[in-house]
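What follows is chain A paired twice: with chain B in the first complex and chain C in the second.
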Partner chain A sequence: MNAPAYNFAYLDEQTKRMIRRAILKAIAIPGYQVPFASREMPMPYGWGTGGVQVTAAILGPQDVLKVIDQGSDDTTNAISIRKFFAKTAGVATTTATDVATVIQTRHRIPETTLHENQVLVYQVPIPEPLRFLEPRETETRRMHALAEYGLMHVKLYEDIARFGHIATAYAYPVKVNARYVMDPSPTPKFDNPKMDNCAALQLFGAGREKRIYAIPPYTQVVSLDFEDHPFEPYRFNAPCALCGAENSYLDEIVTDDKGGRMFVCSDTDYCEGRQAAGHHGSLSAAPYKEKAGSHG
Partner chain B sequence: MTTIAELPPGFADKVLSAQSTFRSVMDAMARPGSVQRIVPMAGAPDMMMRGTAAIALTLFDHDTPLWLDARLAESSDIVKWLKFHTGAPVVQDSSIASFALISDGAALPPLERFALGSNEYPDRSTTIILQVDSLDAGRNFELRGPGIDGVATLGATIRPADLFERLRVNEALFPRGIDVVLVADDAVVAIPRTTRVVSKGS
Partner chain C sequence: MVDQDFVDQDLADLDRLENDQPLLVAGSLSKSYGRIAACRDVSFALYPGEVLAIVGESGSGKSTLLQMLSGQLTPSAGHVSYRMRDGVTRDLTTLGEAERRFLFRTDWGYVHQDPAQGLRMAVSAGANVGERLMAVGWNHYGRIRDTASDWLGRVEIDVARIDDAPRTYSGGMRQRLQIARNLVTEPRLVFMDEPTGGLDVSVQARLLDLLRSLVAELHLAVIIVTHDLAVARLLSHRVMVMKGGRVIETGLTDQVLDDPREPYTQLLVSSILPP
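And then the complex of A and B:
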């Protein structure tokens, strides 16, 4: 027999129906975490099984898939997931943000503004923003039911009392459509403003914790803050060493053991696009080539 | 008496047809008021529009208790078709239904008879799939809410005529509430519980 060993996009149809129903509810109740019967995937929890299941449930043969890990298209996690769907669904893949129709992401939102024909799928480790403040699921569920989020403000206040400013740098809590407090997944808070009034649909999948949630397009997403300590996105005070960008999120890269370091765009597609357009940073150079005969 | 062999068929390609139908419904839910088209065609029994049939084949299964309005419940062809193709249990009690299929809008029961979810689990609510006369002509409605860039305008001929007045309960109930999917032939418009609708006359 010649039957394929697995279904289109790996998941069986009953699982896809279950996930699809959860996605529809998640869109209808922005920011609310819909429980779903997360499946075992052929990769370990923590490697994006939630995002992979959401992507598998929405993906069609016409889609063009991009996968990023911390902004990069070419790290292990991103490559593995991209290959997974190229193999199981036969979809076209890309690294270019603007041509992708489905973008699965771990911990970043692309710098390029997303458009209406795109879906951004986040991989989420801990979907419950209140979990580290209240370990009991029964309690956090009630807190969401009553919109009782005082504890979260106390946490942010304690940051100010201890450090003089809100020290939360990633997974910075947001309020969606003026109702649910939501964890944006461990994206840097630099990315929070991009979630607000975004043209693309944003879906979040947490595989181990078995939750799916969503932000519909053009939905208000507000980072929690105080009048006298307003939310401020954080960014290293330097231009990208490769493309000179002054407004992108930067990774700090240690270059030697003498304190040398460089700052480069975390979004590789954005950085490469700028370099191709002729922008240069202080350290940009022609690609490194090994000298002939030197093997030391 | 219809035998199984005489039932209208389901999707020719179950996997890709369900995917395409789902994306139309997902886009409709994500962008309330926008008219999405359902492309893949399945056979549909009388009284069931082809869009409704495609949605049923895409979203219903043994996990989704289904409530039918009187006209559909009386049709053995409809009940058999749904049972054979989806396996969804048809229930008499609308308050435990995951989905409700309404072919005759005039007979839409009061919304509080459906599952509205709880404050802890607002997702445990009924999604109403309502067949309407037209989603491109008729009275104009102004929609606002998540998924809409400012204001969306929907021209539609809908029974019951006071549907959107009735859906105002969603405002007070939120996060509990009822999500509605309107179907006219192959056109689909979703009105999730966050959408606020104002009638602008014809």
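And then the complex of A and C:
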């Protein structure tokens, strides 16, 4: 064997070709889950092995990479993956949404509107939207093939019967291009409308389940619902405590053990951008200054 | 101006024509597994609104026959044809999978012996009944729920239990729920595989009573497989007796059960304890 010790972006070229073929097929059939020969990656399943493989296959030396985890650029998962590609591919990395060309994400879609020169790569734990309704994979594949999606509505029916409204808050099923029902990965349903007619290419990689699927740019994505219980994105009824944003997705942060809490943007880049532009929320601190004698 | 009498006459003629043509025709159906012939040369025609019982002991080929008739098993020889809702008679083997599955959840019903096979045990009764409606594109929660409660009432299940999962139901209730789930799309033909198996006698009697009234009310055609001659006598118009994969005797229920000709049928009938 005389395989080179190093290859750009970790995976060898044959593996990348295999993944690219799966991606091309996925783009050609929007929402369809394409099987691929998922590789072992130097990270545990559930940490984004699918997303990392898709990113590795599409990354070029000129790309600028952004990695987010729950909207944040500075959590362990996001930092590790960003460092991984900085080291194995030497690409430029960023936290700014609008300058990135490839954005790998776990559980969020950035608040900033994506544009045509961007690719959004999702990390997917469970690609099969019918998984917990129909346990047989042979049967769910057949149901996809024949577009038999009555069962998906059974789940929504159960929600309404039990809670009085559609209580599914994340991984909310969507129909892509009026054909395939797809699991949008565990993004909050707040993000579902952003997938519809999106200018960027959206790729979904599930490493453990060995599936890749895609939404090409400007594709119709409709969230499933009932006529009398229409789809509604959910958001905490509060402005961001740091930047005052009224229309971003919020995280709830418990601040003490007496019921204190604050709501802040889950998209850190968006929040920082707004604060830099002079927006303030109720709890935004003044810029930190070293106080004389504070340690005395 | 069209004469109303003529129109009525025409409609009546059309109705009669509808009922005059068989709904399902089986021609020389056979199924063999290697050297074992599970079912040999079975032919019959079933008309709309007719209840046909297939009786015989275990291993006589009843269930194999039912599976072939309902398109779940490909026959080794012979054919099954069915008159679709648009009036066209089609051979089941020529139907695509999508068409067959559509037929199965709209114009047909299938009542399993074990309700756990025919129901989704983990989702509520309402969703179980509503699933077929949602599968044919119903998209209004309120209407689906109203139809589901209506059907629960018709099969004598307390509507207050609409949000309970069938695993909290008794055996008899599960079986009735399964029937409601099948009848909600108003099928014309229902297959039943030992629908009263495993139920105690009083629950059986109630279920049979319910089935008999629903069948008459909805003008259902039914093919019911049973080893219980009492079920056949109560529900069916015609009986087919099977033994070793062959139909050995067929005729009107009363005629076959009161005056059996074949020695095997005589044995079957005489093996029932006199009341």
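Definition applied: the second predicted complex is superposed on the first by the 281 of 296 C-alpha atoms of A that agree within 3 Å, B and C clash if a C-alpha of one lies under 4 Å from a C-alpha of the other, contacts with A are read in each partner's own complex, and residues count from 1 in each chain.
Just so it is clear, a contact is a pair of C-beta atoms (placed from the backbone, for glycine too) under 8 Å apart; a residue touches a chain by one contact, two chains touch by 3 or more.
Quick caveat, the model's predicted, so the values are computed rather than measured.
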Touching partner for A:8 - first (chain B), second (chain C), both, neither: first
Which superposed partner A:222 touches (first chain B, second chain C, both, neither): neither
Of chain B and chain C, the chain that contacts the larger number of chain A residues: B
Touching partner for A:151 - first (chain B), second (chain C), both, neither: second
First, second, both or neither for A:96, with chain B first and chain C second: neither
Contacts of A:162 with chain B and chain C, given as first, second, both or neither: second
Intersection of the chain A residues that touch chain B with those that touch chain C: 142, 146
In the complex, chain A residues that touch chain C: 142, 146, 148, 150-151, 153-154, 157-158, 160-162, 226-229
Touching residues on chain C, where the partner in the complex is chain A: 97-98, 101, 120, 123-124, 126-127, 130-136, 139-142, 144-145, 162-163
Of chain B, residues touching chain A in the complex: 14-16, 18-20, 22-23, 25-26, 29-31, 58-61, 63-64, 98, 118-123, 125, 127, 146-150, 174-175, 177, 179, 192-194
Contacting residues of chain A [partner chain B, same complex]: 7-8, 13-14, 16-18, 20-30, 32, 34-35, 57-61, 141-142, 144-146, 177, 179-180, 199, 201, 214-220
